[in-house]
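As written, the chains take the letters A, B, C and D, and residue 1 is the first residue of each chain.
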Amino acid sequence: MIGGGPGAFIGAVHRMAANLDGLIELVCGAFSSDAERSMITGKELFLPVTRIYGSYKEMIRTEAGLPADQRMDFVSIVTPNHLHFEPAKLALENGFHVVMDKPMTFNLDEANALKKLVESTGLIFCLTHTYTGYPMVKEARQQVLSGKLGKIRKVFVEYPQGWLSDLLEEQDQKQASWRTDPSKSGMAGAMGDIGTHAFNLAEYVSGLRTEKICADVNIVLEGRQLDDDGAVLLKFDNGASGFLVATQVASGEENNIRIRVYGENAGLEWQQEDMNSLIIKWKDKPAEILRAGAGYLSKSALHNCRTPAGHPEGWIEAFANHYRNFALTTMAKIKGIESKSEWLDFPGVEDGVRGMRFIQKVIESGKSSDKWIEY
Amino acid sequence: MIGGGPGAFIGAVHRMAANLDGLIELVCGAFSSDAERSMITGKELFLPVTRIYGSYKEMIRTEAGLPADQRMDFVSIVTPNHLHFEPAKLALENGFHVVMDKPMTFNLDEANALKKLVESTGLIFCLTHTYTGYPMVKEARQQVLSGKLGKIRKVFVEYPQGWLSDLLEEQDQKQASWRTDPSKSGMAGAMGDIGTHAFNLAEYVSGLRTEKICADVNIVLEGRQLDDDGAVLLKFDNGASGFLVATQVASGEENNIRIRVYGENAGLEWQQEDMNSLIIKWKDKPAEILRAGAGYLSKSALHNCRTPAGHPEGWIEAFANHYRNFALTTMAKIKGIESKSEWLDFPGVEDGVRGMRFIQKVIESGKSSDKWIEY
Amino acid sequence: MIGGGPGAFIGAVHRMAANLDGLIELVCGAFSSDAERSMITGKELFLPVTRIYGSYKEMIRTEAGLPADQRMDFVSIVTPNHLHFEPAKLALENGFHVVMDKPMTFNLDEANALKKLVESTGLIFCLTHTYTGYPMVKEARQQVLSGKLGKIRKVFVEYPQGWLSDLLEEQDQKQASWRTDPSKSGMAGAMGDIGTHAFNLAEYVSGLRTEKICADVNIVLEGRQLDDDGAVLLKFDNGASGFLVATQVASGEENNIRIRVYGENAGLEWQQEDMNSLIIKWKDKPAEILRAGAGYLSKSALHNCRTPAGHPEGWIEAFANHYRNFALTTMAKIKGIESKSEWLDFPGVEDGVRGMRFIQKVIESGKSSDKWIEY
Amino acid sequence: MIGGGPGAFIGAVHRMAANLDGLIELVCGAFSSDAERSMITGKELFLPVTRIYGSYKEMIRTEAGLPADQRMDFVSIVTPNHLHFEPAKLALENGFHVVMDKPMTFNLDEANALKKLVESTGLIFCLTHTYTGYPMVKEARQQVLSGKLGKIRKVFVEYPQGWLSDLLEEQDQKQASWRTDPSKSGMAGAMGDIGTHAFNLAEYVSGLRTEKICADVNIVLEGRQLDDDGAVLLKFDNGASGFLVATQVASGEENNIRIRVYGENAGLEWQQEDMNSLIIKWKDKPAEILRAGAGYLSKSALHNCRTPAGHPEGWIEAFANHYRNFALTTMAKIKGIESKSEWLDFPGVEDGVRGMRFIQKVIESGKSSDKWIEY
């Protein structure tokens, strides 16, 4: 693991997600660019001191030099955005598979470069867009793909948060500080941090590709350097339209990402606050509530459930599904067997490129006086 | 009553709403432009045949000629949009107060003319934007006005319906036929029919005024003549931004108008599917569920509740609140006493003008390649 | 109307319910046993003073003496329980149909006597057990009757209220005072006031008849004279079991009556807080949400909807459904035509007798050390 | 780990729960009484073959013989009920701490014996009553303990499942087979399997102790040997009353355990289907929704949250909380430091004894014709 030292949030989540299914074992880490802090975290995690590194470079090079059956199998990169590309590049160049937190890179150029590298090395790359790891999100996609909803006409996705309703970055809150700092976060704030999640979810569930956007991007809190709020009108490749809302100043909201997709025959709705339900509202018969773990779900959804219906699995489990599928795919590759299609269903480098393009285009549109710009 | 004959929907609703509180009695009507059909409806409603008229002109003129204590007190106009202005004009010119279904007129010019007439006659005018009649919508407005939420930053309003997911107008469904016909509905379809409701609700609850809009207006079903779908980015006079969604092709949706308003300290949420609850999500304390009929509500909300908490009042009651407040205001005027502020809280001619301006501007923006246009 | 004077709650509700559909007109009333107070209410209701009576006896006798086309058609009795039987008896003896608030009488003997009288006169009698007036409760019954759920195995009904969590009767609150007074309410408090509603709902929806009960009946607030809380284990005639909870000391609860019925294949659930939905949870397919006003409902449910799906109808509308069906049945009888089966679907004297028997048996069981007693 | 071999459900859950926080590592197991099947599971779990045992006796004795720093630290017992006591006894006698699935033993005698053994050895014992591991259940208990609700008057707990609506035991479903077999499950079926969960939850949240019960215990499906359904009236030590429902034949229900506790000032409500919310309904102010992860929660609740509000944690996390607290307590003991009060908050042997007593008394009451029996 690279990153995830003292004060970090997402590093601990990656570790829990990786632990859950007993397929992955944390064997080494460079948890901080400060070697002492890295050591502290590493010891807390029961790692032997020889596998606790002071920098990602040291770690990748040292591990690469170990015998194949003793070295780490892959790298998880959980640092702020400006520290994604270089470690990933080095890991790939040294033959390690990569799990990366989102958004994929600092800018679109890095994203394109990374994509080339992943493709040329043939290594496995997973981008942790958590929300597509939920079984009922996978079911939603399957329902759309099955054609039961008919041609898709509308896609609404929203991701309201309230935690940046105050200038937390002035209170030295670590999460807020780097996310609102253009030198670490990149050209976007909320649109990069959560807008990309919403965008990824919309394209994943609908199976559509965005063609045009019209964005209203705002800095609501005076003194903030990056957008903390925005709304985007969308046009998709099949003619459907939609909107995407991502805001971090919706006071009182937690993390309620939600998607609705309407086709000719029905609309479906999923939201994280009721993550184990998928509601399908039919045009001319009663709405249905599909539930995680139920026997009638698609193979794709059931593969991502650990427990029978009624035993709620949450955000860590969704996160863990990406890790599990990545691990299953990686183990299959190592063993030389073919991956099942369910295993391959995790976000990859192409999702990352599309996300970075989303960031660039949304910021561009936000500044434009033209209504529509090409995605 | 003018309109509301065989096959009509909203006419019956107006009658129930007027009946409910025992303050208003239906005394006469011109229910159809076809005298025979008007007679059928009038008889079903137990009216004496002498008060069942074959046209609104006949009704207004005849009633105006009756002694003051025998004539009708006011007129309810429940016809399609193209038949709003003329009857209203005639009624006002003959000294009758007016209740009008929304949107107020066929176009903005008529709206402005009507406003002048209402102001010059001093008569009372009520526009039935139903949703602001709900007690918890009134409470929402009071919460915003109280300043507890802090400065308003975001306003989200949405009105998804699914009933026009098919070309019902080709099946001769009366409701669909006139609403999708530009000669009866006006320049807008969904944006006029339900977009104006959403717009009115947003301005009512937030207390803000719209300054700029950017609209995506769509005809989703091929062959339809008016928009059946749209989304609008909004900028308000205090700098807040927001969006408005109104669609009639969200298959499976019923009539779930919903509003969320976020201020510095909290967000509030109301939706018709849970109409007797108002949720306030505080930034740093537990969310609260305020309930219709509860003793802790504002005077404004409680005035519009008929029953104690836990006895759900619905859409007809919300509708009836406008009628009740209109009736209380009208009776006060007749008796020469002053109306209480709660009585005066019903939508009037200014709401109607703003709604018609919304229609005009949204359609204009929908056709424009500029992002923002002035409201 | 008999009762419903100053300070009353349910009288106003009966009037709104009767008004709503324009089928019934309030023509006279004895609103209080105090002639002056009766006059005050009557005038507020715009009645001519000649039809405002100082006692129910005066009213019934005077009205009976009017020509048939000028006298009232039926009587609504909305007084406390101890004043139900005598007015009903007199009304029936004078040829008037009767609408009665619940529970039907002061005790079981009166109930049996009333039943005989209704049967012998052939007049129409309606008991306002409000909750069976909801369209989705009617749909629930139809779903059970259709056999889709299979043999019924379990019936859970609960009616939690919190309004008697304090000794309101010591604060002279009119509603609390008579309901907690054995000389006015009868032998039961909560079990009579709301337990009978729950019992009626359970038998109505399940189509079963209670055979044995085991009751825990409590006076939770010290100093109170009648039960304010209770729970009852039930055995039904088909072998199913269930429970009924009725409490008025569940602090914070409003009026959330709720029923769940489980058969071999599915369970259904309805609760007043979401009164326009009926949820059916199937054993092996997705749960369904049936909605008031939707085209797929049974004829019985749709007959009791006034508006299309998505326009919430509430408690007053449910109440009004009983009035409407009573009125349609009564008008049919007057016109000598046959009533449709939907019109006849309102609670009658047999429901009243069963409710009074429930009260007697529950109180008996509450005092018994035997587990089961025969219903 | 003892048990949890091929076909088991709860064993895998224990492993995920133990894995999650990186505090516990699976080092050995006797996963089946069949040595071959134990080996299969052990290998799937990446254990070295030397630590995969053919029986619990072999495992405990062999591990006990290993050097202290190489042997397992504790035993998890996840076998059917009839195989709980003997392995636990042997483990304790050999100095191993124990985690045990519920209900604790096969009968009350074993439970009492186990309690003595735990007390005499001073070893740490954790019983996995999952539901008290949820942070919002812990918050519920803290709210009651704080006195804010006032004296508790009512406790309602229900645990409806539907999975035994058919005779799955005749289809050789492993979970159903042992649970409905008196030789493996003990004297109770549903009442032992889930009734004990509900009972534990009720006493944990309310802080009350049961004094009298009146039970209706049913075998609903013909041919079944143990109860699959029941309801219990309860009397608590402070005079409060309540009910407990546990059924496995509520067709269509998943696993929706739910508790409501009412005091003088408010009622609280928690249910697993919305596990991250705790609703407090105040008598005279708006209801509040408390949310997992929120800063305003008690220390006890926050200690059991891994993520900020809005990142749903589910059933596995609740389960893992018991493991984590058990591990923290055990590590503290090993290190000779004092446990924090939050760490000690997991179900122990006394909960187990009370659960077994509940089973015995409920079955006794179910057969009795007396209404109340002493707990």
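Assume a residue touches a chain if its C-beta (ideal position, glycine included) is under 8 Å from a C-beta of that chain, and two chains touch if they have at least 3 such contacts.
As the structure is a computational prediction, the values presented were derived from the model and not from experiment.
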| item | value |
| --- | --- |
| Between B-D and A-D, the pair joined by more C-beta contacts | A-D |
| Between chain C and its twin chain D, rotation from the CA superposition, multiple of 5 degrees | 180 |
| CA centroid of chain C to CA centroid of chain D, Å | 43 |
| Rounded Å distance between chain B and chain D, as computed from the means of their C-alpha atoms | 54 |
| Chain centre separation (chain A, chain D; CA means) in Å | 34 |
| Sites on chain A at which at least two other chains make contact | 253, 280, 287, 291 |
| Chain C to chain A touching residues, read off their complex | 279-280, 284-291, 294-296 |
| Complex contacts: residues of chain D adjacent to chain A | 9, 12-13, 15-16, 19-22, 26, 45-46, 161, 163, 253-256, 272-275, 291, 293, 306-317 |
| Touching residues on chain B, where the partner in the complex is chain A | 149-150, 153-154, 156, 162, 165-166, 214, 216, 218, 220, 229, 231, 233, 241, 243, 245, 247, 249-253, 260, 262-267, 280-283, 287, 368-372 |
